[in-house]
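Got some structures for you, see below.
Shared between the two complexes below is chain A, which has chain B as its partner in the first and chain C in the second.
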Partner chain A sequence: MKAKLFDYIEKDNFVFNLSGVTKLLCFLILTFTVMYSYDVRVILPVLIFSFWVLHVSEIKFAQIKIMLYYVLVFIAINFVLTFLFSPQYGVELYGSKHELFALTERYTVTAEQLLYQGTKVVKYLSVIPLGMLFLLTTNPSEFAASLSSIGVSYKAAFAVSLTLRYFPDMIRDYNDIALAQQARGLDLSRKERLGTRLKNIMNIFVPLIFSSLDRVEVISNAMDLRGFGKHKKRTWYAFKPLVKNDGLAIALCVAIALAALAVAFFIDHGRYWNPFVA
Partner chain B sequence: MKKLFEFKTKTIVATGIGAALFMLLFMYVKVPTGIPETDVQTAYGLGSFFAALFGPIAGFLIAFIGHAISDAVQYGSPWWSWVVASGISCFIVGLAYPRLKVDEGVFGWKDVLTFNIFQIVANVIAWIVVAPVLDIVVYGEPANLVFTQGAVAALWNAISMGVIGTLLLFLYSKTRAGKGTLSKE
Partner chain C sequence: MDGPGETMQKTPIISFHNFSFQYFSQKEPTLLDIDFDIYPGEKILIVGPSGSGKSTLAHCINGLIPYAYKGTITGTLTVDGKTPEESSLFERSRKVGTVLQDSDSQFVGLTVGEDIAFSLENDRVAQPQMKETVQRVANMVDMGTLLSSSPFELSGGQKQRTALAGVMVDDVDVLLFDEPLANLDPLTGKTAIDLIDRIHRDYQKTIVIIEHRMEDVLYRHVDRVLVISDGRIVSDTSPDQLVCSDILRRLGNREPLYVTALKYAGVELTPDLHPGYLDTLDIDRVKEPLLRWYAAQPPHPEKPQGQVILSVRDLCFQYTKKRKILQNISFNIRRGEMVSIVGTNGAGKSTLAKVICGFVHEDAGEILYEGQSIRDWTIKERSLKIGYVMQNPNQMISKPMIFDEVALGLRIRGVAEGEIRERVEQALKICGLYPMRNWPVAALSFGQKKRVTIASMLVMDPQILILDEPTAGQDYRHYTDIMEFLRGLNQQGITILMITHDMHLMLEYTPHAIVIAGGRKIGDDSAVAILTDESMAEQANLKLTSLYELAQRAELPDPQNFVQQFIDYEEACRS
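Coming up: the complex of A and B.
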């Protein structure tokens, strides 16, 4: 278990110098665009674009390797499960049937199903670079400031920043407690029965959670004493003001989103691209 | 009288710390059941405990933030439909908050029942209604797949909340001194 989840290594390039607000907005706009569209002709350019931005931002492959593996496993499982559960979902969706070959009667591979599942793979793949970009190029301290400037209540934004601040502490506490309990003979591995394992996990949970509750008291007293929450608004130390490049980046993302919507409304007449109805 | 939607400094801090714990458990402390991708997430037990102690807003934010950040860190991007469903499940558990007096040391059989009724309703709504419907609407996933996944998630999360949540509340109530428990000698 690593106390450090991801590295924020500051660099001097276009993407890093953008304000956190811009990156949050662009991330949200582009992910929702990709989520909405089921047209491979729209998603593929976004995918290429996001990998290009990833390249521009000089993020090293080693930094994103683990995430990439996780996502590939997830996509593979989703791909297999989709086919197992709904082998004819594409046929239902596109309203035509072009059989390619049959495995069994139920599991007939159709062109429609391949298009549907293929689009889905590209869709899920294109979201990853966007998320990684946002995560790896935004200073964690700036995150709360960004959230509050897109309209999230500053109290909720502060909770997010507390989460990021205390996560490594929690990992450390957890490790200390888990090692101490394991030294006393507690088994958490698969060798133990499910019921026993739950009981053993409780023996780590209780000290971890109760000490965290004490910590809640200490922190909230400290914040109250400093007058937290007295005013309706607050300012942020880590806030980066918006400059011309931020405007450019936001305009570009909005343009991509509008283009995707235009394709959906005027060309596809819906979320799905249907090449089978000629 | 406890207000359902109050958001004091203490609630904010509890949300932050709770979400950090939620993230930790969500990513690292799962109980494998033998079926791939369907571990019992102990994080929901914790989420329900915090929701019962600090109310629905804290519950919602803990699960929402915790789930979103751990998804982002592991997969690069949050799976929004399930993140929202997580938040809603802990929000509904949090509605039990004004009925419980755990921080005054009271957690009897009646309270166990109250907590578990809320918890089961919460899981059914979140995982059998909200998550699959959002999956279909937002991501265009096939219906029978997402409803099966939802039903499995509802079952495991209800077990997690029912066992871990109830136990934590019971143990926590034991550490609190109740009202009027001092006696004159």
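Coming up: the complex of A and C.
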């Protein structure tokens, strides 16, 4: 059984060949940029940039399809709820009111609100591909090494790696236990009432937890016996050393971030672009 | 206790002197007056039943005691001249490399390469040098081409090789193997013993193997065998001397089957017959008594056969189009039979059990229970006729109290509480757990938990029990307990199917065996016939029984019949 947490398929291109650290840094820098700025003129180029990188990385649509649907649904719900709960937030924010049309007395659609919500959608849309890129183009083995090299304690970083290692085992155990419990008459199908079903699922988690605890002792012994925690630092077999392209990628992202900050300081005089004060 | 003559002048690499150890959590010491030396370059086998202190002894050697498990130590233990106080766990692990029994849990990396590198990473070795070392050591254990494989793609044997490489990167002096054969099929186990032997010879390592399957380890030379019982070393001799005594049997260890056969035949075993290994045994001097014993045995009694209870016809199953797991499997199981299903890891044995229990559905073919197709039976319905017992009881038990655990299946089915009590108590009595009915499950040993899981199946009154590896990881005494218990159930009319790797189990307890290899049934015969068939053994990663090889070497007229006679003789002795 080859179950993996997320499907990593090795490819040979610019994005894949970057070190995990680079990808993590770029992801963080660009996310910060997009989260900081409320200027569509800044965010739209980043959006285009992130979709372009997604294209360059040769990730197949099938790989991100499900994730993408979830995200779109999330964005849509978020859009509707924002309007429902604070329909006039844009007016507050930009200090003017250009009413387009009214749905009811409370729910009037304004240009300010549309700009505000539109900007948020673009923000989400530009960050999501970057996150997917990081997950799908970083070798899981390298992931821990990347975390550790940006200052996360290596024990915490290794815990991430261990999770990736043993997660599929847990899934397999869960399935086996579920089957054995079903053989004893436990009904996990929709035929059973929700309350009973939840109780029945508990009957699977108890043995799962106990059999997993058995393993923890063995694993921690195995790690102790091979010197885990001996020194304050450790090296990583899967670490990809930084090369020229990594420098280029980081420089590019830093440049984008600086440009966004420059726009905020010198043009917008704040985080928001306000086209309504003419 | 004699050390080997030629190495006497050297200083021992491991030395126990009047050593005792008591865990803080225990009332009695686990190890008592341990006194032995291991010299550089020696190869030592340590045997002893579960609970004898072998694992504790291993922990003392690799340093988990006293650094990870605390307790009271008296006497001295030095490894490479250093006592625990003068050393640390990390320093010790550079001297002694441990390959754990559960090589799947020992595999902490996401790929073979990473796992082998683990210790180097912790030692802050620079990456280029690390990669070079990993490649070199991986080559030593024939894993050099699999560095980027994930553990899910590896067989048990390959995982064990990875674990071995993972400790050899430290250039340790001592390699400690904790039950290296426990999770391997017989042929893979044989290969593992070969590999250990090669590492011992080619790289001059000191080897310590802890294992209760002595016959399988003695497939290759070892210098000394230590027998441990109740925390004491009770014997420290060469294999030749050890098998001549009755110490193994007396202390609940299994002696090599061919040795037992020689004893049955009345051979007076002495070290000068070199009976420690089948290869070195002076066969000419035992031929005569073997022939005489062979001639004196009664013919194999024919047993009456029951009606067919379970019939599998042309069964096919696949998870995906590419990987066919089961292909056109057909066989009949008769009421009251005890059957083993054997074959390589991943051959489809467990899947077969899953299809029979209805966990997954066949793509073609059918299963008949008493002549009636069970295609439309749900898992729940099938479980009334066919009980399924998993390998690890901890994966099955979900209630804290024994009674509730056994009652679970009946309660779910809404049986009246009065009837539940009656049926649960009955099942607990059969399983010898009645006195403990009000205990918490946590208070039970592994074997007792296994019985609880069997009781929770029996309570539903199934006609067939399917058990996955019922004796995995059990020493001879517990193995015998479990198997005799199952035999008892069988005699009460329950048909028993067992998935197993254990050739002894197959030979001694299951007259009928079905062999699966590569998703096909390649054998369906008496266990004796299968374990004496060379081509079958090769295809299905089985190992010919040493009884057969003994009979062949002794040039008995019908070696297969000799094996059958041995089994019949043992059975007659037991009853």
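Keep this in mind: the second predicted complex is superposed on the first by the 256 of 278 C-alpha atoms of A that agree within 3 Å, B and C clash if a C-alpha of one lies under 4 Å from a C-alpha of the other, contacts with A are read in each partner's own complex, and residues count from 1 in each chain.
The criterion applied here is as follows: contacts are C-beta pairs under 8 Å (C-beta built on N, C-alpha and C of every residue); 3 or more make two chains touch, one makes a residue touch a chain.
Please read these numbers as outputs of a predicted model, since none were measured by experiment.
*Asks:* Overlaying the two complexes on chain A, which is it for chain B and chain C: clash or fit?
*Replies:* fit
*Asks:* Have a look at where A:Ala180 lands relative to chain B and chain C in the superposition and call it first, second, both or neither.
*Replies:* Second partner only.
*Asks:* Is A:Phe74 touching anything from chain B or chain C once the two structures are fitted on A? First, second, both or neither.
*Replies:* Only chain B is touched by A:Phe74; chain C is not.
*Asks:* So after the superposition, what angle do chain B and chain C open up at chain A's Cα centre, nearest 10 degrees?
*Replies:* So the angle at the centre of chain A is 60 degrees.
*Asks:* Which of the two partners, first being chain B and second being chain C, lies in contact with A:Ile219: first, second, both, or neither?
*Replies:* Both partners.
*Asks:* Mind working out whether A:Gly95 is in touch with chain B, chain C, both or neither, as first, second, both or neither?
*Replies:* In the superposition, A:Gly95 touches no partner, neither chain B nor chain C.
*Asks:* If you stack the two complexes on chain A, which partner ends up touching A:Met35: first (chain B), second (chain C), both, or neither?
*Replies:* first
*Asks:* Report for A:Gly247: first if it touches chain B alone, second if chain C alone, otherwise both or neither.
*Replies:* Neither: A:Gly247 stays clear of chain B and chain C.
*Asks:* I'd like to know which partner A:Pro275 touches here: chain B for first, chain C for second, both or neither.
*Replies:* neither
*Asks:* Is A:Gly118 touching the first partner chain B, the second partner chain C, both, or neither of them?
*Replies:* In the superposition, A:Gly118 contacts neither chain B nor chain C.
*Asks:* With the two structures laid over each other on chain A, which partner does A:Met132 touch: chain B (first), chain C (second), both, or neither?
*Replies:* Only chain B is touched by A:Met132; chain C is not.
*Asks:* Between chain B and chain C, pick out the one touching the greater number of residues of chain A.
*Replies:* B
*Asks:* Just how close are chain B and chain C at their nearest CA atoms in the overlay, in Å?
*Replies:* In the combined three-chain model, chain B comes within 5 Å of chain C at the C-alpha level.
*Asks:* Which chain A residues contact chain B in one complex and chain C in the other?
*Replies:* Residues 1, 161-162, 164-165, 169, 202, 204, 206, 208, 210, 215, 219, 223-224, 228-229 of chain A touch both chain B and chain C.
*Asks:* Taking the touch rule as given, give the residues of chain C at its contact with chain A in the complex, in rising order.
*Replies:* Of all residues in chain C, those touching chain A are 62-64, 67-68, 89-90, 93-94, 98, 100, 102, 104-111, 113-114, 117-127, 130-131, 134, 150-153, 166-167, 170, 354, 357-359, 379-380, 382-383, 387-388, 390, 392, 394-399, 408-409, 412-413, 456, 460.
*Asks:* Mind pulling up the chain A residues that touch chain C in the complex?
*Replies:* 1-4, 140-141, 161-162, 164-165, 168-169, 173, 176-177, 179-187, 202-204, 206-208, 210-211, 214-215, 218-219, 221-231, 233-239, 241
*Asks:* Along chain A, where are the residues that touch chain B in the complex?
*Replies:* 1, 5-6, 31, 35, 38, 64, 67-68, 70-71, 74, 77, 81-82, 85-86, 89, 120, 123, 127-132, 134-135, 155-156, 158-167, 169-171, 174, 190, 194, 197-198, 201-202, 204-206, 208-210, 212-213, 215-217, 219-220, 223-224, 228-229, 271-272
*Asks:* Spell out the residues on chain B that touch chain A in their complex, using ranges where they run on.
*Replies:* By the definition above, chain B touches chain A via 7-10, 12-21, 23-24, 28-29, 31-33, 36-37, 40, 42, 45-46, 49, 61, 65-66, 69, 72-78, 80, 138-145, 148, 163-164, 167-168, 171-172, 175.
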